[in-house]
Every structure is written in C-alpha cells, then in structure tokens.
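One chain, chain A, appears in both complexes that follow, with chain B as partner in the first and chain C in the second.
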Partner chain A sequence: MTRARVRILNWLIPVGTLFVWEVLGRAGMLPRYVTSPSAIIAALWELTESGELLLDLGVSLYRVSIGFAAGTVAGILLGLGAGLIPGVRHFFDPLVSFLFAIPKVAFLPIFLLLFGIGHASKIAIIAFSGFFPVFIAARQAVLSVNPILLWTARNMGAPPRTVFFRVVIPAAAPQLFAGMRIGLAQAFVVLFAAELIGSRAGLGTIISSGDDGGRFDLMFAGIVSFAAVGFVSDRLLMSIRKRALKGQLIGTDEQQVLQ
Partner chain B sequence: MIARVQTLIARWYSIPLMLIFWQAAVGSGLVESRLLPSPAKVFAVLTTETANGALVHHAAATITRALAGFFLAALVGLPFAAAMARSALWRNLFEPIFFLGYPVPKIALFPVFTYVFGIGSPSKIVFTFLECLYPIVVTCYFGFRGIQTRLLWTAQNFGADRITILRRVFLPAALPSVFAGLRIALPVSLIVVVITEMIGDSVGLGFYITLWSTRFSFANVYAAIVVIGVCGLVLDRVLQLAQRKIVYWQEDEA
Partner chain C sequence: MPLLEVANLDKTFALGQQTVNAIDKLSLSIEDHEFVSLVGPSGCGKSTFLHIVGGFEAATAGELRLNGAPVGPPGPDRGMMFQDLSLFPWLTALENVAWPLEMKGMKKAERLAKARDYLDLVHLSRYGDLYPGQLSGGMKQRVALARLFALDPEVLLMDEPFGALDSQTRELLQEELQAIWRRARKTALFVTHDIDESIYLGTRVIVFTARPGRIKADIRIPQLDRSGDFRKSEQYVALRAQVWDLLREEVLKARALEEA
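== the complex of A and B ==
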C-alpha cells in the first residue's frame, strides 16, 4: 500500500465523521442535544473570550497535577519500599489487594464530606486513585529486576546506594511509567466524576451547566476541552517516558507502532 | 503447622490491625463516628442490608450492566482486533481511532449517552461497552500481531487450510494476550458502571452510595463499597480461573 493511500485511509473515518456530522447539523437533522462541529467551535470561542474556559481549565489542571503528583510520589516511594523490604511488602500487600478491586470513585461522597467541595476533596481522591496502579507497578518492577544485574553490580563492589540508583531504578522505570499511565487515565475519570457530582469550578462544571441550562453547544465545548486535556496529558507523560527510557525502547513493538 | 500459621499472620496481619485501629479511633471519640462509622457498625449494616435483599438487588443490577457491557465489548473487540491484525485496510482505517482515542478520557461523553440512550440501563451498558472496547482491541491487536510467523508458516507447510490455521494456531497463540486484555477491561467495566450510576440512576450500587451519602448514613456507603470490592474480586478470580482452564499451557505469573 502506498504512503498516500495509507494516509487517506487513516484520516477517512475521523474526517468523514466530522463532515457528515456538520452536514447533518446544517440540514437540521440532528437531535436537539447534538450540536454541529462548527457550533462547538463557536462555543469554544465564546468560552475562551469570556475567560471562563481558561479559568476552569486552570482549576481542573491544578487538581489533576497536584493530585496525580502526590499519588505518584507516594506510590513510587511505598512501592519501591515494598519491593525492597519484605516487612513493608507484607504490611501493604493485603491492604492494597483489597482496596485495589474497589473503584476509588466510590469513596467520592466520603471525600466530599471530609474535605469539602473545593479543591482538597478532588486532589485527595485523585491522589488516592492514582496511588494504587503506581504502587503495584513499582512493587512488581523491583521484584522482577533481573537478579543477575544486581549480582553483577554487587560483585563489582557497588555500594547499595549505587545499586539502587544505577540498577534498580533504571530496570524498574518502564513498569513505573506503565503504572503512571494507568494512574493518569484514572485521574481524569475520577476528576470528571468529582466535578460533575460536587464542584463549583472546573471543566466538568462547564459540561454539567451546559447540560442543565440546555446550552448543548457549551456542553460539547466542555466535553471537547476535557477530552483534549486528557489526551495532551497522556502524550506529555509518554514523551517524558520516551526521554527517560532512551535506549530501552529500541526494537520494541511500541517503537514501530507509535512512530 | 505452626510455621504455616506464622506465615499466615505475617502475610495478613495488616488488615485486622487496621480494623482494630479504626475501631479504637472511633470508639475513643477521636474521629466523629458519623463520618467514619466503626467497622462493627459497617458490618452490622452489611449483614442487615444483605439479609433484607437491598444490597443484593443493587449489586445484581450493577453486575448485570457491567458484564453485559464487558461481554459485548469482547464479542465485538476480538474479531475487530483480529481483522486489524490481518488486514492492512482495516488496520489503516481503525488504527488512528483506537490508538489516538485510547488516552482520551471517554467518560466526558457520558452526558451525551444519557440523551441518546436514556438514563437507565441501556446508556450504562453502551458506555461500558465503549470503555471496555478500547483496552480489549488494543491489547488483543498487539497479541494477534505478535504471533510468530514461523508458526503460521509451519502450519501452512503442513498443508493446513485457513480455518484450521485460525482454530489451531492463530487463536491459541493469541489467547494469553486476549486474556490480558480481558483482565484489564473487567475492572474498567465495574468502575464505569459505578460512576455512571453515581451520576444518575435509580438502581445499582453507585446509586445506593449516592442515596445514603445524601442521607448522611455513611455506614451504608462503606457497606456498599465492601460489596463492590467483593464483586470485583470475585469477577477477577472467575476470569483467572477461566484463563487457567483455557490457556492451561501458560505458566502462572502470580
């Protein structure tokens, strides 16, 4: 298949959908609650001009970044600890395996009551839900480090500190990033639920207020911006990962697919 | 025997320890018991609400929805992934949708689903289907593509026809990654159903949590959380069991 043909096929469905969507919208054949892409862009512009979008975007980003950072740091520290020290592992394993099966969003009403409907409750629940995938990845990563690497380093007289930073961490890094990616995806799911159920600001409130007020163009504008923020955040994490894992990705399946 | 009891204690002591700590904190009045009801109270609510059928009723609704969405996603996703792995046309048509769409938080679309499919079960099932479809298709696609071509060549060399190759080589070789995809999707289905029930419904564990938190009866909320956890654990165990039966040649990695 030629390059041009591949390109056309790649774009066929997204562009085709937008085109049909717009045409149906112009013809007035869409239901009331679906607005055409051009109306969504107009609504996005309206929200940008009034400054609302920037404000709510800032609020949502603030919540996700602080919550995700806190959950990730705690997950990495405790996860590495659990991987390295059997006592820590035996303490956290039963707790984590029990809590991991529960959708963290179920705790939302409790967090809302404990921390109020401001930033704190969202940050706390995002951190809480982000902690588990990172913890499990870090724990698993340390335990699955090839022992030959550790023996080699020790044999050559590396002190424990050097072994930790130069062998364990690099070997564990790919799995850490995999856990962080899951945590980030969950952060946005939890953020959406939290902003929809109990919040006065954030991208979720643009969606719910557009929904309540019958301004479906604003609702879609909120949906598009929320989706875009989630997508860009994931891409950002992936590009950090690519830098951090330079050399470890060569020849893997992923390198062929993403490039 | 004693050694086994000792390892059992060493492995599991943290859960009873936390429960005792929690009970003591509430009992001594350190924490307001309305916000954080004691484990004993949660357990009492759990037993009465299970006995009178309320929790069973809501749990049944949640699990039915989650499984319906999950199985639909598996039913559609597997052939889809296989087609994408085998045909360049399908691959080029759908790869961008699945790979670029994967990191997009699709949950934001849920309000639209409630308009199209109503607020009850259909919108939840369709949405769960969509959320499960992505991990299943992406994981299985890599699995189908990763099949060693020499296996296929060998089978062809021995004169196997296409159906036989599909049944005896292609599917078995991909099964481990199929199960990997299913195991990612299964908890997702439960999460999505609970969230959407919390946003708006009149039945299901998510609704139950919202209902009792607005009545400030948090013992019921914790009871529902425990039920969700047990459901998730049981579903995952069943899937693991099925995996061990079907992919019996794969080594355990637990």
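== the complex of A and C ==
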C-alpha cells in the first residue's frame, strides 16, 4: 500500500466509525447509556461554559504532573543507583518484585489515611505507581550498557563522573524513555481510580458524577477529556524522546513510523 | 629502552569450576615505530593480552612496562580500537572524533576543526554530520580509526578492527591504515586472525600458540614496498606460507583442545 493510501485509511476508519455511531444514535438504535458523538460534544461544551471542565482539568493535570514527575525522578535516581551499586540493587530487587504486581490502587485507602482526602494522597499514589516501571527500566538500562562504550570512554581519559554523565546516561536513555512511557500511562490509570474513589474535583469526578446522575453524555465527555489529556501527554513525551534520542533511533522501524 | 616490555605475563581466569590458563609466561619487547601483528588460533589469549596492555583486564602475574613505567588503568597513552560498536551512537561522526580532544581539554572550535582534519584523513569529511547509525560498517570503523588518531596515543592497540567487515571493504581499510601508518609511524599492536592482513600491515608478525598463549614465532617482515602487486610478490607468498604453516599446527591443537 502506498503511503497516501495508508494515510487516507488512517483517517477513514475513525471518521467512519464516528459517522456510523452518530447515525445509529440519531436513529435511536443505541442503548441509552451510549450517547452519540454530537451529544458528547454538547456535553463538553456545557462543561466548558460552566467552567467546570477547566477547573477539573487543572486539578487533574496538577496531580498527574507532580505525581508523575516525582515518581519518575525517584525511579530514575534509585534505578540508576541500583544499576551502578550492587548493594542498592540487592536491597531493591526483592522489594520491587514484591510490590510490582500489586495493583497500586489497592493502596489508596492507606494513602488516604496517610495524606488525607486532598491533593497529597493522589499525588503520592500516582508517584508510587509511576515509580516502578521507571525504576525497572533504569536499573536494567545501566546494566545493559555496552561495556565497549565504557572502555572506550575510560581509554580516552574520561574520569568516572564524565563516564556516568556522558556515556551511561545517554546509553540508558532509550530504556529510560520506555519506562517513562509506561509510568505515564499508569499515572493516568491511578489518577482516574483515585478521583473516582475519593475526590471532589478532577476529570475522574466528571465521569463518576455523570454516571451516578444518569447523565451519560457527561460521563462520556469526562472520558473523552481524559483520553485527550492522556493522548497529548503521551505525544509530548514521545516528541521529547525523539529529540533526545537523535542518533539512537536511526535504523529502527519506529523512526520510520514516527516520520 | 624498548617502548613496551612484557615479562613473564600470566593470565588465568575461572570458567565455571575450571581454571583456564589463557596466557602463560609471555615475554616480549616492542620498539618504537614497530607495527606488530598478533595472530593465533581463536581463544589463544591474543585479545586478552591486548586488553591487559590497555589496562581493561589485570594480569595474574608478570610485568608490563610502557616507557619503563608499569602500565596502569586505561588511559590515553594506549589507544584501543575495537572490532565494532565502539562509537557513541548519540553523537555525530565529527563529535565522536572530537571526544578524545575534549577529554584533553581542547576548546570547542579548535577540537571540531581538528576532528575535521582527522575525518579528512580517512576520507570521511563529507559525512561528519551523520550519526553512526547512518554509516556503513566500513565507514564506522574509519570514524573509529580517525578517533584513535585524534586521541594520539603512544601505542595503538587494535583488536581485530576490520574483522567484522566484508573482504573488499577490509582490503581498502588495510590500505588506508597502511598509508596513514607510513606517515605517522606510531607503534601498534594489531590482533587479527587474517594472515594476509598480519603480513600486509605488520613490520613484525607474532604467532601465538593455542591456549595457553605463548609466542610460537616472531617473524620480522622486511621493509617491502606495499604498493602495487605486493600481495602477488614472491616474498609475500613465501611469508604467507611460513605464517600459515606455523598457525595451522596451532589451529589444529586448539581444535583438539576444544573437542577434548
């Protein structure tokens, strides 16, 4: 298939789906809880006009960005430490294996007790869940740096600090980004759950209150807003990654996909 | 005083439960401006020897002196070139070549200008802005060669640098290295399993025995003219046969050792 055809198809399928969805909705052939696209847009407009959307968006973004940043920083620092220092690795490895498989939302009651009902508990649990994939990626990245690169740097007289910042970090960067991407998705999952269970503001509350009040158009508007924020942040992270990994994506399939 | 002096060098390492004797009482002295090819069956410890000279691995026993001083951890006095994957993939070809100059504390404009000269030396000046991922295997090794000369070490340590290349590319690179070396006359230790390469490049060919590595033969290559039909000359053919006979015995021994 030519590129142009692929591109047309890439648009045709989602636009076609929306169209069919809308037509079925207008013909009354969808169940009550599946509102049509136009109704969702109307609900989005309603939320925007009332100022509610902006407020909830702000609250959710605040929680997810600080939580994700904290989890990522902790994951990178401890992960790099675990990769470099056997003692740190031996301490964290069993701990991470023990905690990694538990759905982090299960800890929410504890976080609510510890940090209260406000922002802090949400930020803390988002950081906690985002930590694991980043930690695991960073730890593994350090251990899998090609030793020839390290030898080459030392051979040219680079002191350990320089080897770390100029060789280990850039060599680990592709895996760090892979871990961050998973961490980001998990941050949103946990944000949603935390806002459903114990929150008075945030995109999650739009969804839960829409659902509770039988306003399925509002519920979908909440879901769409959530998806939009997730989409934009993932794309943002990927474009930072593309810039940061200039030389390292060459020759991978992904580079062609991204172009 | 020889530039590099090796006396009674031993190297053993553990392989599972066994202790493997990789190098056994190796003694060798290398003068300034020699190009020493090291050939031997695979697993004979020739690469290990190079790593020890480079400071990347420690000898079990014995002495190793460069300019009379014991050899220490890796440093810019001994420049290592590997078979492949030694360029930093996140830097352009030019930035890779400029790296050792930066480590020496050279200012940015100066080191980039110098790096351009070194890229020119390997005929890659047009490719300075490309990343290693965009270069062919042969071009990557030429960049690595330029970087090695930018480092300007006292001894060049080359561990099968052309071993991963196709034979045409390899021959071209041998000619380039030969031409550069004729001008610079830098002392070199060149590990290879390619007999032609060892004779073509070397002023001296050292044949290693099968494990544990010892010196089986130390052959001086007369100052022959490497241009034109060198590889077809009578002298060359005779040298090649001599090295091959020596090596063949050891390759057979190495195989028997593997099958035992």
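Everything that follows uses one rule, which is that the second predicted complex is superposed on the first by the 252 of 259 C-alpha atoms of A that agree within 3 Å, B and C clash if a C-alpha of one lies under 4 Å from a C-alpha of the other, contacts with A are read in each partner's own complex, and residues count from 1 in each chain.
Definition applied: a residue touches a chain if its C-beta (ideal position, glycine included) is under 8 Å from a C-beta of that chain, and two chains touch if they have at least 3 such contacts.
Since we're looking at a predicted model, the values are computed, not measured.
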item	value
Chain B versus chain C as contact partner of A:Ser239, first or second or both or neither	neither
Residue contacts on chain A - larger count, chain B or chain C	B
First, second, both or neither for A:Phe188, with chain B first and chain C second	first
Chain B versus chain C as contact partner of A:Ser50, first or second or both or neither	neither
Partner chain(s) touched by A:Met156 [first = chain B, second = chain C, both, neither]	second
Which of chain B and chain C A:Ile197 touches, first, second, both or neither	first
Contacts of A:Gly247 with chain B and chain C, given as first, second, both or neither	second
Residues of chain B defined as touching chain A within the complex	10-15, 18, 35, 88-89, 92-97, 99-100, 103-109, 111-112, 115-116, 142, 145-146, 187, 190-191, 194-195, 198-199, 205-206, 209-210, 213, 218, 221, 224-225, 228-230, 232-233, 236
Chain B-touching residues of chain A, taken from the complex the two chains share	1, 5-6, 9-14, 31, 33-34, 90-95, 98-99, 101-103, 105-110, 112-114, 185, 188-189, 192-193, 196-197, 207-208, 211, 219-220, 222-223, 226-227, 230-231, 233-235, 253, 257-258
Chain C contact footprint on chain A (complex, rising order)	146, 148-149, 151-152, 154-158, 162, 167, 170-171, 173, 245-251
Chain C to chain A touching residues, read off their complex	54, 56, 73-76, 78-80, 82, 85-86, 88-92, 99-100, 103-104, 131-134, 151
